[in-house]
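Below is one structure, written out as structure tokens; the observations come after it.
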Amino acid sequence: MMTAVPLALVLLPLIPAIISFALPERLAGWRNAANLFVALIKVLIVADLLRQVRSGVDLEWRYTILPGHDFLLRVDTLALLFVSLSVFLWLVTTIYAIGYFGRGPNLARFFGFFNLCVLAATGVALSGTAVTFFLFYELLTLATWPLVVHNGDEKSLRAGRIYLAYTLAGSAAFLVGILWLKTLVGSIEFTAPPDLSAVPPLTLTLIFVLCVGGLGVKAALVPFHGWLPAAMAAPAPVSALLHAVAVVKAGAFGIVRMIYDVYGIGTVAELGLGPPLAALASFTILYGSLRAVMQTEIKKRLAYSTVSQVSYIVLGASLVGPFAVIGGLVHLVHQGIMKITLFLCAGALSNRLGIKAVADLDGAGRRMPVTMAAFSIGALGMIGVPPVAGFISKWYLGIGGLQSDASWVVAVLAGSSLLNAAYFLPMLYRAWLLPPPEQAAFRELGTASDRMLVLPAVVTAAASLAAGVFASSSFSPLTWAKLIAEMGYLK
Amino acid sequence: MSPLDLLVAAPLAFMVASLVVGRGGRWLILAASPAMLALSAWLVALPPDAAHLVGDWELPLGILLRADGVARLLVPATSLCFVAVGLYAWHEFSPKSGRETARAHTFWPLLYLMWGGSNAGYLTTDLFNLYVTIEMVSLAAVAMAAMGSLAAGLQYFLIALVGSLAYLLGVALLAAHYDTVDATLLAIHARPDLPTLLAITVMTAGLLVKTALFPLHGWLPPAHAAAPAPASALLSAVVVKLGFVIILRLWFEAFAEVVRPAAMHLLGGMGALAILYGSIQAIRQERLKSLVAYSTVAQLGYLFLAFPLISNAPNPAEPWAAVLVHAVAHMLAKAAMFLAAGLMLKAVAGERISDLAGLARAMPLSVTAFALAAISLTGLPPSGGFTAKFLLLHAAIEQGSVVYAAVLVIGGLLGAVYLFRPLSVACSGSAAPVVKAEAPLRVAAPLALAALAVALGFAGMMLIELSSLSAPPAAAGPLPAEPGR
Amino acid sequence: MTISTSLGHLFPLTGAALVGLGLFGFISLRHPLRQLLAVNVIGAGIFLILGGLGRGEGVTDPYPQALVITGIVVSVALTAVGAAMITRLAEERRAAGTASDQPKDQGP
Amino acid sequence: MTSAFELILCLMILGTACVALFMRDFLAAVAFFVVFGNLMGLAWLTLGAVNVALAEIAIGAGVTGVLLVLSRSRLLALGEEISCGPAKPWLRLGAAAACSVFTAVLAAAVLSIAPDDGLAPVIDGLMPLIGVENPVTGVLLAFRAYDTLLESFVLLGALVAIWSLAAPAAWPRAPAALRMTDPAALNVAGSFGRLLLPVALVMAAYLVWVGSDDPGGAFQGGTVLAGGFLFAAMGGAIGLPRSDNSALRWSLVAGPLVFLAIGLAGAALGRFLAYPEGTAKALIVTIEYSLALSIGVTLALLVAGPPATTETGL
Amino acid sequence: MTADLALLLPLAAVWPLVLAVFCLVPAWGSRMIALLPLAPVPALCAAILAPRDQVVRTPGILLDGGLALSDTGAVFLGGAAVLWICAGAYAVRSMGSDSRPAAFALFWNVVLVGNLGVFIAADIVSFYVFFALVSLMAYPLVIHDRKPASLRAGTAYVVLAVIGETALLAAFMLASHGAGGSLWIGDVRAGFGLPGSSPAILWLLILGFGIKAGLMPLHVWLPVAHPAAPVPASAVLSGAIVKAGIFGLLTFLPFGVSAPVEGTTLALLGFGGLFGGALLGLAQPGGKAVLAYSTVSQMGLVMGALGAALAAGVPAAVVLPAVALYALSHGLAKGGLFLSYGLAPWCAKGWRWGLLALVLVLALSIAGLPFTAGALAKSAIKGPAGPFGATLIGLSALTSALVLARFLALLPAARAGNDRPPLLLALPVLALASAALVLPMVLHPTVAGKTPFAATTLLGLLESTWPLALAGLLVIGAVALGLKPPSLPEGDLLDPMRRSAAAAHTAFQAAVRAGSASMRSSPERSGTAWRDNLAKVEVTVRDRTSLAVFLLVVMGALLAAFLG
């Protein structure tokens, strides 16, 4: 059904973006209100879409940008998975950002680009063709860059440079890949996978390497992960957003699309592309965790943790088994809410207590117990401790690996869990068990601003707990991921 | 009356008017802008086969004006640039009380001369007439370049003179050989013999000098970097395009049957080298305007990289459109970038990239204009630059030209490297430097241009359609003019 | 009147030689004023080619003549601009006390 | 006989060009350049192109020569040497070789083009339509009037360009005076100039008038006019005008303006730059006179250079 | 009616959870201690009343799992509930004046959920979740007093617990896959017998549960962690929580299917622990540490028996009741001992003698004095353990007795000013002790299918008494001679392990630093050279002479391209 709803959904954030850019600083209150309001509206729209799509309605919006290249926005189950994650987390992060920044400099810019990021991420999710995907993917890069360099110090500028270098190179490779494929088989529409039978396998493999390599940059696959830890120079809401939702997920999401909607499971298996990618993802998982252990800065540690965690999604996608797909997809959401919890907490700690290094965490649990409780839930979830959501993903991934005759996946997951524990538990230990350096009085939920800073993390922590405990209830990410797999890939 | 005449006559009339009016000459831009934009719109809206002979004199002798796809894309874009630059320059080149300068007075006639000249160039098919238009444009360009640095201007002037003469030599050979210099007639009669080939060679080489294709670009960076911002904008956006358009016409229209693939690849190769070399030099620059000037060197490379891609393409319409869209997008974006750079540098009273620190906070609109222009120049979506590079890359991949594809990709990345550097400096620092508020019109000009360059990315289909319009060749049917009266 | 084939090409060939000579002059001379002169020589050569090849039986084709006249006028206009630039540059340089006609604003 | 003359002429042209290019003394070089121009004029005469010959001698040799001499003296006054070198020997050798090859190729191309007056019959056929006799004028002001129109703007633009070079403080003064500094020379030149100016005016008017039927025309007439202005200025008979002088402005734009107006009037009636039936000659003459005036003033000011603060003469 | 009773199972798990949530309310948190004894009550009811082997589905929760109560599970559940009730009651008084009562109550309840849940989970995911709760959430109990020693102990505990969890997760994944994706414990266990199932599963299970249950080389955390916790927590740790591991082994090991290698290994390690733990315990200076080692030893016994049964292919029906009985008996008794240890400082004079008597009875029960509950359990477990195992178990009475004698000796003296223990402390101890002595007797018929001590023969009596007698002689001798036992640090192997880990970490970091430093050897010189060259090129290109030359070259190239 041709409808402008997808387009409206994508473009909605433009309203607060423009408002944010245009309003002077003294009207910050209005700006915050507009941001929150639109974020809320978006949540409602997505909720309605979830209902519609579940009942089998097919919504799309098409516009020919160049001959043979359609701009297509399409609401399908997989898209909605990503969209609902992003709208939810954006609402949360908006609230958090208002509490985080208070009345600092550059805020108009921040909120403006922040909304452009939402726009791009929604676009990435709803893209119905490879070209559309690329457009939003690139827009995402651009919209996040000002956020990365937000602080404007030498470190963030360097981070911005690295970020651009990696991501632009990545998207260039991706662009070459999809154009190449397009010249061979015509338009690449996700719902109607192209017929690849006439293309020589070597070419297909090369294209696959180009595309997945390109997408792998944003998904922070080793060896393309270097930008992510550097991008930690950005303020916490940005890190939260980059790591949990927008950027890395866009990459991982793209890889999922490539494997399932462009190549198709059959072709991937035929070409033997799954195992090498799975191996790379596994290596990334272990390598990222290992590097995380070695970091002394909280955000760096979380960043490497992201490097590791996002590859779970890639791993799930590349194993091309039913459970693995579900595991990968559900981890898309689970990792999102857990990691954002961690970043929100890390940001709150550094913002209110000035805690940046792991060594400074001593006693943080006593000074900001609610924050640290949320952080702990997120961290345990990352380790895979049940019943937090991370466990569910791991479970499905492990079984999926076994289904695809890749029992080493279980070893990888186990190793990763141990490493995760090795870098998260010491943080919890310090925060809860070691005495704080000085008894600085700090009332955690004293002011409204404090509450806006702390409560989002509590909400996401609760969400990650709920996503695990009620994993098989009808509105859980897991159920939705199963639905995607059933409707799309397991027929 | 036809826009084909008026697009040339009107700027010239404004030139005369500005000379007569003297001090108040700058006000004329307020009349010229709507008039020229309307004429440009009229041109675009003309029926596809619009063409006529000047004074109705028949072809071997007369001069044919026509509105083909090239003209319909480039004339409006040129007009937009001129309008924006004119409105921007309205402040800069104004005779201030007690301190009148030559520039404030002469800039305006030169602007109109350049305007009329470039329009004339896009609309005519007569190669000798093109020589005159080239000189109109070059003359104005040299004068504008000399406003910044006489030395650079002189350098530009002399080498451009040689280029013009090379072109003239070719025209002379053709005129003697074929007894006509009309491109549409040459397209029918041209034979691949020595005089013809030599003529194409010297004409192309001469025009390459004017278009500053690597390795003949040496005059460009100093001249473009030193000129006042509006002048730089015109030089980089408008002036270099004319030479390119003529080469395009020569190679794909007048001598389409004569030109060989090897020559196409030679030009493409030079374009590729220009992209790489210009980008690398741009990366090295410490001064903002030098950087932007080298970016022009690099971006011009794309225009020539497209030559082999067009000639080999199974469906040449796409790379053809690509190269024109790139020309248009580069025009808008580069003008915007120079104007924005001018505003920023003036605000900080410096010229180095490092002087820009914190400007994103102090003058967000200018920085935004610069950023939007950078997006288009780098070829990031959605923008005209992206559409162009996308189509080119598509063509390159389609033809299996790995080298060109690689250069396109690498060029885009290098572009990001040098263009995001000033942006990142502008975003740096926590304290905003105190700058004087700019007149809104001055900020609006680059912003509007840059926004247009970006907006082009949404109009891909329309641009392709427009660009593929070709005027009826002379022999294809009776011309709208009655023969010989 | 028929002109012998070789002589019919005499003026155009002279023109070609002038072009070559002027080009050599442009390359090997350093002073801009001299280069300007060399450019004029090239121009004259081109005009001679154009006109010489339009030489018909008895009359010379008016078409190339018209082109040449246009060319000569353009050429003098440009020469004047060049000469003015050279003198102004010398004045400026005198004021600033530097001595080179190569643009100075290069690179970092 | 004719052939021998032509051969010798060509050799002399080449010889004077060589000397003009490479002579160490620039003044002598310019002198040879003027000779070269005159020889070129001779060549054009030989070719039967009187119009071109006039233009070449007046503009190519005359105006350019004056321009170069004037520039030389101004540069010398600024203490700048107009040297030949320094070019590296290897560069000379390489350039010589390359230019020789280029010349050879060019010559080969030229040789493969048969000289003919291919368009002359076409033009002859069209001449009755415009009522003038001189085919060159016909081409310039009717068949390819568009070129000429644009060209007149090139000339105007060149002057504007030169003006734009003026130092900030100099605007809108007059250009540096051309008055001779040596009193005796001034005296001679003054009387000569006073005499020459009216002559030049008359001659210019005549050249333009005959231009429609016989060799001559706006460019030649304008050049003569310019020569008259220049001599008068050198002799102090007339001063150079300020650049914001409105009479000057009007006379500068008169030609292009009239040309453009007539062109646009044609457009209003049918076609741009088309002359209505029977009015062609009258319009052409109108254009020619106004153009000649503007060209004369423009050329004179082109030679005079940009507005200047200094009052240095020759 | 039965359906309603089945709902007791979810209630058993949810009720403590609700209490835990209450603990989070700032105003209530510190008072929640008083409700601790109530937390396990639904579980106790469930153990008694809930229908057996009926699955209560929990749709929407986790992966659509369920809860069910087997006979064995009921024994464990009931025993654990009794222990938790008594310990909770004890905690009401003992932890009442604690500095962090809310945290204690919170984690007490959470661990309780896990501990109870393990016994009633019907699917592996729920099982895993409960198991993770019980093992990881016990960490805050271990380090509750925040003393450095406790923290160190806690670290050791949590490291091994996480490793164990991971091993279990891997094992469960493999198992579930082997069972065709089914998550029900029954299906999974049935799948072990199939030829395709991975041999790694058993090893991983042994590793995972073994850590929890203190299997010998993996036991290092136990002797440090249990004593570190507050007394009631120690009691449940040693008495109930450890049993989760045993229950896991019991539930998942495929008895009846012969697995000689795994079984033998488990048996060897278990029996090794039986003696090793006891001997090491003798060398401990602290009373609670001695008790903890005794736990290691006792659990070693159970696991040895399980291993032997596994190796011999003894069917589950034989193994399960016996082990359940033993676990029940040991759990209650060990809990009682721990609580007594906490009670000792309160008891002076006559009270002390009473306490000593109580402790002695409990100790002898554990050691297996005939006609005690312990002896009953021991005799029951000898069956599955096989002849060799039975012999070892018989011998172990000696070491057990010695260890407990050592504990007796280390029982702390009364604190000055305390002459009679508070009722709230004494009653739970008494209740627990009596439960320990009575409950196994009561349950024995249902478990073993025969009345207790029905087949007691003199020979058998002698056989089981002589080690105890020997132990008594040795103790008396030692006391008479004034011999002092050697003193070993708690957690025997822990310190060397910690040191070598630290050394490895340092070395690794040094290597990384060296590596990254060598990679950063700057290529800056070549960068400058590049810049210089580029600048030179540009200067050349800008010269108009060179431009003219280039023009010629380009012309030549173009012409060449055109011509050929």
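In order of appearance the chains are A, B, C, D and E, and numbering begins at 1 in each one.
One rule holds for everything that comes next: contacts are C-beta pairs under 8 Å (C-beta built on N, C-alpha and C of every residue); 3 or more make two chains touch, one makes a residue touch a chain.
Just so it is clear, the structure is predicted and the values come from calculations on it, not from any experiment.
Using the contact definition stated above, find the chains touching both chain C and chain D.
B, E
Using the touch definition from the top, list the chains contacting both chain A and chain B.
E
With centres defined by CA atoms only, which chain is the most remote from chain D?
Here the answer is chain E, farthest from chain D.
Among all chains, whose Cα centre is located farthest from the one for chain B?
When every chain centre is compared against chain B, the largest gap points to E.
Given the two chain pairs B-D and C-E, which is bridged by the higher number of C-beta pairs in contact?
If we tally the C-beta pairs in contact for B-D and C-E, the bigger total goes to B-D.
Taking the mean of all protein CA atoms as the centre, name the chain whose own CA mean is closest to it.
It is chain A that sits nearest the middle.
Starting from the mean Cα coordinates of chain A and chain C, work out the distance between those two points in Å.
That pair's centroid distance is 66 Å.
Can you give the whole-Å distance between the Cα centres of chain A and chain D?
Here chain A and chain D have centroids separated by 72 Å.
Using mean CA coordinates as chain centres, what's the chain A-chain E distance in Å?
Distance between chain centres, rounded to whole Å: 36 Å.
At what distance in angstrom does the C-alpha mean of chain E lie from that of chain B?
Those two chain centres are 78 Å apart.
Indicate the residues of chain E shared as contacts by at least two other chains.
In chain E, 535, 538, 542-545, 548-549, 552, 555, 559 touch at least two other chains.
Two-or-more-chain contact residues of chain B, please, as numbers and ranges.
61, 128, 132, 135, 139, 142-143, 146, 150, 155, 158, 162, 169, 173, 176-177, 179, 194, 198, 222, 284
If you look at chain A, which of its residues touch at least two other chains?
none
Got a list of which chains touch which?
Every pair of chains meeting the touch criterion: A-B, A-E, B-C, B-D, B-E, C-D, C-E, D-E.
Can you check the complex and tell me which residues of chain C touch chain E?
Result: residues 23, 26-27, 30, 35, 102-103, 106-108 of chain C touch chain E.
Of all residues in chain E, which touch chain D in the complex?
Residues of chain E touching chain D: 545, 549, 552-553, 555-556, 559.
How about chain E: which of its residues touch chain B in the complex?
It is residues 531, 534-535, 538, 541-544, 546-548, 550-551, 554-555, 557-559, 561-564 of chain E that touch chain B.
What residues of chain C sit close enough to touch chain B in their complex?
These residues of chain C touch chain B: 12, 19, 23, 26, 32, 35-36, 39, 42-43, 46-47, 49-50, 53-54, 63-64, 67, 70-71, 74, 77-78, 81-82, 85-86, 88-89, 92, 100-108.
Within the complex, which stretch of chain E touches chain C?
535, 538-539, 542-545, 548-549, 552
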